[in-house]
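Shared chain: chain A. Partners: chain B in the first complex, chain C in the second.
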Partner chain A sequence: MRFVLSAEQKLFAETLRKLLADAGTAAAARAWAAGDRAPGRRLWASVAETGLFALAVAEEHGGAGPLPVEVVTAVEELGRSAAPGPYVETLAAAELLGRTGGSLAGTWLPRIAEGEAVVSLAVPYALDADAADLVLDGEGREAAVTGDVRTSLDPARRLFAVEGGGDPTDFGVLLCAAQQLGIGQALLEVSVDYARTRRQFGRAIGEYQALKHHLANVMVELEFARPLLRGAALAYGTPEFTRDVSAAKVAASEASYLAAKTALQVHGAIGYTDEYDPSLWIRKARALYSAWGSPAEHRARVMRAL
Partner chain B sequence: MDLDFGPEDAAFRAEVRDWLRAHVPAEPLPSLETEEGFAAHREWEKALGGARLGVVSWPREYGGRGASLLQWLVFEEEYYAAGAPGRVSQNGINLLAPTLLEHGTSEQLTRILPPMAAGEVIWAQAWSEPGAGSDLASLRATATRADGGWLLDGQKTWSSRAAFADRGFGLFRSDPESERHRGLTYLMFPLDAEGVTVRPIGRLDGKPAFAELFLDKVFVPDADVIGAPGDGWRVAMSTAGNERGLTLRSPGRFTAATERLVGLWKERADPSDTAMRDRVADAWIRSRAYRLKGFETISRSDDIGSESSLNKIYWSELDVALHETALDLLGADGELESEWLENYVFSLAGPIYAGTNEIQRNVIAERLLGLPRGAR
Partner chain C sequence: MNIVVLVKQVPDTESPRKLKSDDSTLDRAAADGVINELDEYAIEEALKIKEAHGGEVTVLTMGPAKATDSIRKALAMGADKAVHLVDDGLAGSDALQTSYAIQQALGRTGFDIVILGSESTDARTGVLAAMLSERLGVPQITLANKVEIDGSAIKAQRVTDYGYDRVEATLPAVVSVVEKINEPRYPSFKGIMAAKKKPVETLGLGDAGIDAAQVGLANAATEVVDFADAPARAQGQIVTDEGDGGAKIAEFLASKKFV
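Let's turn to the complex of A and B:
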């Protein structure tokens, strides 16, 4: 047994983290929300160059996967960066088409593997369907969008109703959990930085135990959500996958939402503003808390499996 | 990255499971926090030691079998799944022994570890004092130089297992001019020595789980000093690290308790009570997280250091929540004497001992997150 990332897996995550850190993801997310997709598209292209999308596509369709551990690790980095766009949906669609097969798979999987196709998936809303080359319902069938964009708490999440709707796939739920974990990690880091520098009553607010303990609680929850996520990735293809994915989703939802509420409290009034960047992560944390199945639904799934 | 057990691990698991199936008492032993129960648990430790199952990860020469940490985790899973008795030897095997293995002389290892492994000598910890709890470095009990050894004076308290144990270990101020964590010495002493008075203290449910120790010129030979005189704080901190890490509460305890909780839920729960279902789900999810974290910890090549504080908060709060959920499922029976209640009372001490969870949160904030150290 060796339940830590291999050197290659770690290197891949670090490469992606560095790429995203230098890519102006927050500005891209703001532009995306305002309808300017160019920066987000450029970001998508550079992420695709790392070979990420091929990791969710089987070899017979031009990919190298599915490699759940690698994909989960990469999506955690995407979450940390708040990069806009349907990354989770495209990767989840790749896995879904890999199972459903047929002509859609034959046509689209090679394009997804190359990073050339942006795909949205109804869970039940389809994220960024207006920016997608292909929209699928929950069964992996091509589906039509019905109606205009629905406004999300997170303006970088442009949601659309889709004919036929759909339930989340287990693989997609796992990736959403990975994204949430990355969001939580980013919020913890920005909150710690703020607490070290913001001064009140003549001292850094991070000296106060009340804040220290809030932030320590966030770290505890994040650090114990991560093994659930990686354990679930390793359970891909086994009968326990559904159960383990739901456990990971509950833990990641609770941890990232706690991170968001704590970030808001630690930052005080500035954290409550739109213009200060932590808002991008705070809003996304709440939006994803109940996307891809609420914690209550996933707790129920865990208990059904027991 | 994988979660696979090798064939040797599987064979080891089978051996442990078979032995436990044949030997675990059909009826639970009386509480180990009572005189009668303590004696029964001592006998159980001897049986475990006889099968070389008391301390599987220790070297063979001291009574272990040189098992890997993964096999130790496997042992713990099987142990708790079998409903085997609580470990009355815990202070010795989990707190003192790791310190001895790191800092002890070969004479100490040879003299002290085999009887500990065999369940012949049961150890009590003697860290806290009336004025030194979370602030352990303010301790005042003294060790004064004497011919061939030291004389111990002062008072220790909350000394778990001391009501019925054989020997104790703790820190004493050996340099009267010293302050805080300097000038302390780590010593071991017999609880039946001349000058030692043991006054048992009833824990929340009245059982004498710990004791006060009054020490009046208790002689300890030089051979029972661990590490160098005056270097006790550094020596003891290696024990504290173990205590907060995996050894104090291995994941097996929670995995097994959660299995039982799920069973209780199936038997007792109102199916429409989704709030209760969610609490049981959370206990299961968190037990699994702690188990996986354990596998991660033993897979790492580096020392987890202050990260052990993350573990301590996680397991101690899980333990309380899990047992509270069980009592709530039991409804009106929740207050009646039962294994659930015994373990609930036991769990309530978790957030307090081995460094309160507030101290652990300070450690996390300052050493792991890098927040500034503030006024104390």
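Let's turn to the complex of A and C:
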């Protein structure tokens, strides 16, 4: 099994990272949370131009996939940038429709591949269903929103109850884990930067061991989660996929949540500030911790597979 | 139209750049290599010209083996093929020698238009376009922020301290561009995968007909005599607002030609 990314996969990830950094993603996330979807939709269109969505759609429907490793690598970058919107849901819906087939697949997969369709998926709540062109239940059937809106810990996430509900798909769980890993990585980087810059008692706070140890713990957790994520992506289509995806989700949930808690401590009071960008990741890390199945549920799934 | 775009790999501007203490050349191992930022605008302009007038875009790079990463990225953006001038004998060449080596390589590729960034972020000499056009005996249009091609005529806007000049020339020509000219595209996944299959020709000194006695550090016309780290940034100027703060800021910006 080859875990190392190819030159092409790395270049694709770098491209997305640069695009998302140049595109003012944090501002789009804030606007999205405030109900203004226009900057988020423009960002969606830019991301679509890179061909990301086609990677989750089979060739017969105008895609190039499904390519789990490439999609995971890309979603990590979306997590790293705190991009708002149902990216994971749309990509997971594409994979689900690819398996269920039928007329919905024929109609929607080409549009998803082109990046023209925003899709939400009930797991059991449908993220940003009000901004979606199509809402699916867990079985991949078109579903109606019941109107019951749940607030999330992340103001950029609005959760809608859907008739029929549904369980998370393995592919979606994998992508959520990728998003979490990206968030954790971003939080570690911003915390390390801050620890190097912020001075107290005449020296950079990062020189104090109490901080170094916490940051090192975050790095260890993220590093341990990454091979589980890559391994799970490579296991797509094998009987071990479900188990490996759950293992990756547990590790990514714990790592990104630890990264969020540590970032908050390292930053001190400013970490609580809404206007300061790390708040975007901190809240998303907590919200995703229990989305697409809690760590306890995924631990149980790993346990059952052993 | 045969469009050649010159692409240089430079150390990532995000990381500190260093010269080697033994021969005062750039320490390329100390930082990741990236495409010189202004060259990305040159690539974008080359692709736009191709889209509007047809033809083929060739990336020409002179640099060590690891410059292939930058070539791949240029191909992923949409260039058709690449020529990589790579030879240990070229190491340490200065601008004058580089212009000679590129002239020789262009003799193999041919060209209707050569496009490059107006300077590189590492050496920042900004003279290559002028030297190259002199060697090639073709017109030079430097610091272009707008280029239009009509048949064999090329019209451009050239950025100056006081605004811009409108200049015209006849192709073939050498054009250097500034960052205001366009918005470079991001490579798509399809582009990245397609780049794998695009031809990259590797040329050594002999292949390109380059005389080894005219290139390389030992034969350079210029010499780095001494170098030192940039001084730490001094404290900025503080303007106390006495009702005229805005005017003072505008004055400062004007003195630096920002406005």
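Details
The rule is short, and it goes like this: the second predicted complex is superposed on the first by the 303 of 306 C-alpha atoms of A that agree within 3 Å, B and C clash if a C-alpha of one lies under 4 Å from a C-alpha of the other, contacts with A are read in each partner's own complex, and residues count from 1 in each chain.
Going forward, a contact is a pair of C-beta atoms (placed from the backbone, for glycine too) under 8 Å apart; a residue touches a chain by one contact, two chains touch by 3 or more.
The structure displayed is predicted, hence computed values, not measured ones.
When the two complexes are overlaid on their common chain A, residue A:Val69 makes contact with chain B while staying clear of chain C.
By the touch criterion stated above, A:Val220 is placed in contact with chain B alone, chain C being left untouched.
Using the contact criterion defined above for the overlaid structures, shared-chain residue A:Val4 touches chain B, although it does not reach chain C. Applying the stated contact rule after C-alpha superposition, one finds that A:Met303 touches chain B and leaves chain C untouched. By the touch criterion defined above, A:Ala251 reaches chain B but does not reach chain C. In the superposition on chain A, contact is made by A:Gly231 with chain B only, not with chain C. Within the superposed three-chain model, A:Ala210 lies out of touch with both chain B and chain C [touch as defined at top]. After overlaying the two complexes on the shared chain, residue contacts for A:Ala269 are found with neither chain B nor chain C. The partner that reaches more residues of chain A, of the two candidates chain B and chain C, is B.
The touching residues of chain A, when paired with chain C in their complex, are 7-8, 11-12, 15, 18-19, 46, 49-52, 54-55, 64, 70.
Listing the residues of chain C that touch chain A in their complex gives 69, 72-73, 76, 186-190, 192-193, 195-196.
On the chain A side of its complex with chain B, the touching residues are 1-6, 9, 69, 188, 192, 195-196, 203-204, 206-209, 211-213, 215-217, 219-220, 223-225, 227-228, 230-231, 234, 244, 247, 250-251, 296, 299-300, 302-303, 306. Considering their complex, residues 1-6, 9, 70, 262, 274, 277-278, 280-282, 284-286, 288-290, 292-293, 295-296, 299-300, 307, 310, 313-314, 358, 360-362, 364-366, 368-375 of chain B touch chain A.
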